[in-house]
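Shared between the two complexes below is subunit A, which has subunit B as its partner in the first and subunit C in the second.
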Partner chain A sequence: MTAAAAASGQLGSINLGARRRRRIAVVLLVGPALLVVGGALLVPALNLLVQSFMESSGYGQITYHFTFSNYTAALQDPVYRKVAWHSFGLGALAALICVAAGYPAAYFITFRLRRGRNLALFLVVVSLFTSYLVRLYAWYTILGGHGIVNTALIRLGVVSHPLLFLLFSRTAVLIAFVNVFLPYSVLMLTSSMQNIRPDVLENARDLGAGPLRTFSRIVLPLSMTGAIGAFAYTFILTSGDYITPSLLGGTSSTSLANIVSDEFVALGNRPAGAAISFVMLTVFFLVYLGLTRLDRFKGF
Partner chain B sequence: MSRPRVSGLFVYTILVFAFLFAPIALVVLFSFNKTAALTFPFHGFSLRWYRAVLNSPLYRDAIVASLRVAVITVVVVVVVGTLAGIGVTRYDFRGRGIVRLFLLFPGALPGLFVGIALLSFFVQTKVTLSLWTVTVGHFVYVLPYFFLVVTSRLQRFDYVLEEAARDLGAGPWATLRRVTLPLIAPSLIAGALVVFSLSWDEVFITFFTIGAQNTLPLVIYSTVKQSVDPSVNAISTLLLAGSLVFVLSVRRLVVDLQQ
Partner chain C sequence: MTYESSPAMRFTRQQLLRRSLAGGAAIGLAPSFLDRLGTGTAGAAISRADAAAINFFSWQGYDLLDEPAMKAWRKRNHVTVHSTYVNTHNDITAKFTAGGGKGIYNLSTYEAGYGPFYVGLGIPAPIDLSRVPNFKNAHPLFRTGAIAKKWWNFKGHQWALPFTWGIQAINYASDKIKPPASYRDLLKPEFKGKFGVTDDPVAAIVIGAHAVGVFRADSLYTPAQLKKIIAFWAALKKNARLIVPLYGNMADLFASGEIVAATPGWAAVNSFAAAKGDKAVKHTVPKEGSATFCDAFMIPNGAKNTDAVYAYINQAFSLEAQAQEAESLVQAAVCPKAVPLMNKATRALYPYGKLVEILTKSAPLEVIPNNVPKGYATFADWNKAWERFKA
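And then the complex of A and B:
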């Protein structure tokens, strides 16, 4: 063996050692996270998928016998269907209102504020972090029979008895949804509008475009990513929510998530609940896919 | 010509902020009310609802339980998330993109799905539901947020500093401990505070994974479901204060860094 060959062999083994050390480092660094997310989410999710194809045999009992019946029930049961339309409809409405109501505020924060912009964005973030549950409770007291709205209406002589339909209604759920998710819309819209150069807007104005035309031809298409993100996020989290409908919706607006939750907790039929939840996930995924196609929107 | 439009937008934005903050302001205000009324007129300042809360073993236990879950979640997430963040940004390995996606994806799942997946898994493996099962749920829920904060900080990091340390003879461990960690520490703290607030407020996954011992949001939820009790105003204000103190200190941190 020549000296050169020996040297290159040694070099190779050093490289091999370094590579092995790098591989060990990667495993040690990334391994724990993968292990925990795999064990605490991936495995339970796959388990849920398997269960959705099994038969329920009494409260909390599962017979391991393959069946599609949970899915046919989830897709064909008229009660489920009605509730599904309600849930997805309310979610879509909340998402639409959040995006539409968020636009003027995001526009103002991005293009009209200079020194106040950081403060405004900070306030938006603060409102994101003010407890979801506390805000629901706040609306509960505001809209209730002895709440501020009813007391004010009675004192002003508009009505003589408290309006009991304010609370425990789909309207109450919708108001709370918009209250909770509007800050996300403002934040996402602001961050995508920050990529629009203000001189583009000035040019449009100089070329004779009015405010509406500037908005629909420039601001809207260029901030579409933010609008899609805000709509998808709000739609998924509101139509999959069960806390808000169960606190503010009363019996008038059972949500799909409440049905899933009832199947699991009250009725002990996990396969049925699992199948409905996978149908929901599929709808969310399809809606998201459809929305991303809007990204190529070029204005009216 | 454009003046009135500008002020129109201004008024609108103020109204949006009023809509966002007014409900919460009312809860905080009425938590100091002398009487049990939940509406105006305000009858005078009193701390009686706070005394009621702090004298109630139900609420006290719930505060302790929430703190316990949040602190354990923060500690585990910071360690596991920081390691993963360093691994994904500092090493180029096969499947890196998939690993990143796998760690971020749970953030896009509705709480309902995570909750029922964990519940049926725990039932099937005969794990007794407790604050530990709640902590597992919280971990899965908050890890993506922390991972996002850490990786975005590490990507803005000046690699030259690490190379310089290595050229000067520092091994990988010394480089990590003496150079990388001190530089990303403010982001780790900010991420930890965000994680604390998320866990402190969490109610969706907790609802499914909770055992005999309740966390604070769950106690509020079940109290409101039964009746309107004015002490809920006080406990809600405490819950709010708990999460806001942490977010506000992140703001302080950011300001401190800029100076």
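And then the complex of A and C:
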């Protein structure tokens, strides 16, 4: 009995030691990421949140008087509202196109390709190897007045003058967004579709479901998480994009990110810039929360 | 298997939440970090810094990297220059007030009109003139007298050393159009969709004031006058192809044939475009007038390695360097004795014989309206109006 108790105690102390080691390992593994997120994101975010409720008293100067006026201005200013509609609208449209266009590609890669699947995924990833800025400038040579598209259209006799709206317009910004973010959508959708067993699709077909019904009742619901991810990722990054509207947006190039930048850099009004940033963040959260409800989607 | 019980879906959902949180927060907060992060080369500059390193933060070309006189001097003295370029002058203000520039960059510049504003913000450190003996080569207008005391030497200190000046009006493609005689020419139907409006609020408001006939050398405009100036730019914007975000980008637009003109212009774009293969880009001043600037070297407060910086600035005021930078920047030198060293074309760009008349009367330097009497638009009003114009 005594020996058993001693053995039990020894076992307990071994378990305790193992648990402690596991805890240390967890802290060591998770700690660096927590430090980075906490130090580089949460602390500055909190600092900015506090500043958003303060008053600006000249370039780069802040008076520590609590006020809601920055939020009131951010929400009520008609210019900001117009720019916000354009930014979020363009972001939503880009996200929708990326998800819609990503589905066929992801479906083909997942269910139709056997040997070439890895090569196809590699080709999707390769498109991300070029720098973002280089890809934006590449649109000058494709959509510009003397670009490939206009030259081809003129030579084919489709138009007599270059179509100037192709570049330096919201259309150009949308095209660039889709070009940049479509590969991410394909990757996310492919990732979620890989969990769908092919025999489920065969069963559906055996039971008489056509391709459309199979897609809407099986593929779509089972890959909805990927679609939500792709939409949210594209929407957030495009709505907050700064450089694409600046380089390709023409005379309608101002985005919310440009307004935020102007508040910080040109006007030195950090509280106003912070307030607009947090309004954007709130919109992103609301959109994300709305999207998560689609997770329960069971098909049409 | 239910959807909720799929391990893959649980994983993706959690991953999505984390990504969305991090991504959303990053996007929302990114602007606050812009002024801290710079344009990408600062980090590299710091890590490579050595005892004779100059970390430069200002306009492209102002680091004088390509001028043979400066190149040879750097090689001889083992000085390296790590440059980060600005898109607008406001980048300099933001960098040195938000804490992202102090102690990192040891050489920058400011345009004359920003002088009192920057000194008020504590950006420049006083300059020890005894360590820049070559500054005596500069024209007296830049060293002593009313203009010098207004912008670079006040409150008992020398805050900056003017090294180049120039004018801003219209850049145009000389192989495609004749130089516009008036800013209002750009409102004509033949220019529809063929020119750019540059995102440079200070130059734009000065030029706009000329164009609508309300220009004042002291930049004191009433809100009504500012509205009139912005209305002029709004009319131009309707006829324009795009808002040009950067002067460097303007060169690309000329080189790719997307635009035939741009205003506010900058003569340095001529050389940027030439480097990209388009030697037809020229700069012209329409009948209404131009914006005039003068940029000066400043040593920011908290700068390190100032020995190398002082030596570098001193060399930049050598006659050879002055002549070469006038040619490469397509701007005017401040040292009269450098003029004979320039080639004929560069010498002809600016009427050096009328320097005092130009900078004091016909095209006075831009003034930033920071402390203005009641009833006049402030610099913040200018920037706000421009922000709204762009939107």
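Everything below uses one rule, namely that the second predicted complex is superposed on the first by the 259 of 300 C-alpha atoms of A that agree within 3 Å, B and C clash if a C-alpha of one lies under 4 Å from a C-alpha of the other, contacts with A are read in each partner's own complex, and residues count from 1 in each chain.
In this text, contacts are C-beta pairs under 8 Å (C-beta built on N, C-alpha and C of every residue); 3 or more make two chains touch, one makes a residue touch a chain.
Everything numeric in this text was worked out from a predicted model, so none of it was measured.
Aligning the shared subunit A places subunit B and subunit C in steric conflict.
Of the two partner chains placed by the overlay, subunit B and subunit C both lie in contact with A:V260. By the touch criterion defined above, A:W139 lies against subunit B but remains apart from subunit C after alignment on the C-alpha atoms of chain A.
When both complexes are overlaid on chain A, the residue A:V79 reaches subunit C alone and has no touch with subunit B. In the superposed model, A:F285 makes contact with subunit C only, not with subunit B.
Within the superposed three-chain model, A:I148 lies in touch with subunit B and out of touch with subunit C [touch as defined at top].
By the touch criterion stated above, A:G226 is placed in contact with subunit C alone, subunit B being left untouched.
Judged by the touch definition given at the top, the superposed model places A:S127 against subunit B, while subunit C stays out of reach. Of the two partner chains, neither subunit B nor subunit C is touched by A:Y71. When the two complexes are overlaid on their common chain A, residue A:P44 makes contact with subunit B and with subunit C alike.
With chain A as the common frame, the single stretch of subunit B that clashes into subunit C is 207-215; none of the other options in 189-197, 207-215 or 243-251 do. In the superposition on chain A, the residues of subunit A contacted by subunit B and by subunit C overlap at 37, 41, 44-45, 48, 60, 137, 140-141, 144, 146, 236-237, 240, 242, 246-247, 257, 260-261, 264-265, 270, 273-274, 277, 280-281, 284.
Against subunit B, the residues of subunit A that register as touching in their complex are 22-23, 25-26, 28-30, 32-34, 36-37, 40-41, 43-45, 47-48, 51, 60, 101, 104-105, 107-109, 112, 120, 122-127, 129-142, 144, 146-148, 151, 179, 182-183, 186, 211, 236-237, 240-243, 246-247, 257, 260-261, 264-265, 270, 273-274, 277, 280-281, 284.
The touching residues of subunit C, when paired with subunit A in their complex, are 3, 6, 8-9, 12-13, 15-16, 19-20, 22-35, 88, 90-91, 93-94, 97-98, 117, 121, 193, 197, 201, 237-238, 240-243, 245, 249, 252, 256-258, 380, 383-384, 386-388, 390-391. Residues of subunit B that touch subunit A in their complex: 5-6, 9-10, 12-13, 16-17, 19-21, 23-24, 26-27, 30, 37-40, 79-81, 83-84, 86-88, 91, 93, 99, 102-103, 106, 108, 110-114, 116-121, 123-124, 136-137, 139-140, 143, 147, 172, 197, 201, 203-204, 207-208, 217, 220-221, 224-225, 228, 232-233, 236, 239-240, 243-244, 247-248, 251. Looking at the complex, you find that subunit A touches subunit C at residues 37, 41, 44-45, 48, 59-60, 79, 82-83, 137, 140-141, 144-146, 164, 167-168, 191-192, 194-195, 221-222, 224-226, 228-229, 232-233, 236-237, 239-240, 242, 246-247, 249-251, 253-254, 257-270, 273-274, 277-278, 280-281, 284-285, 288, 292, 295-296, 298.
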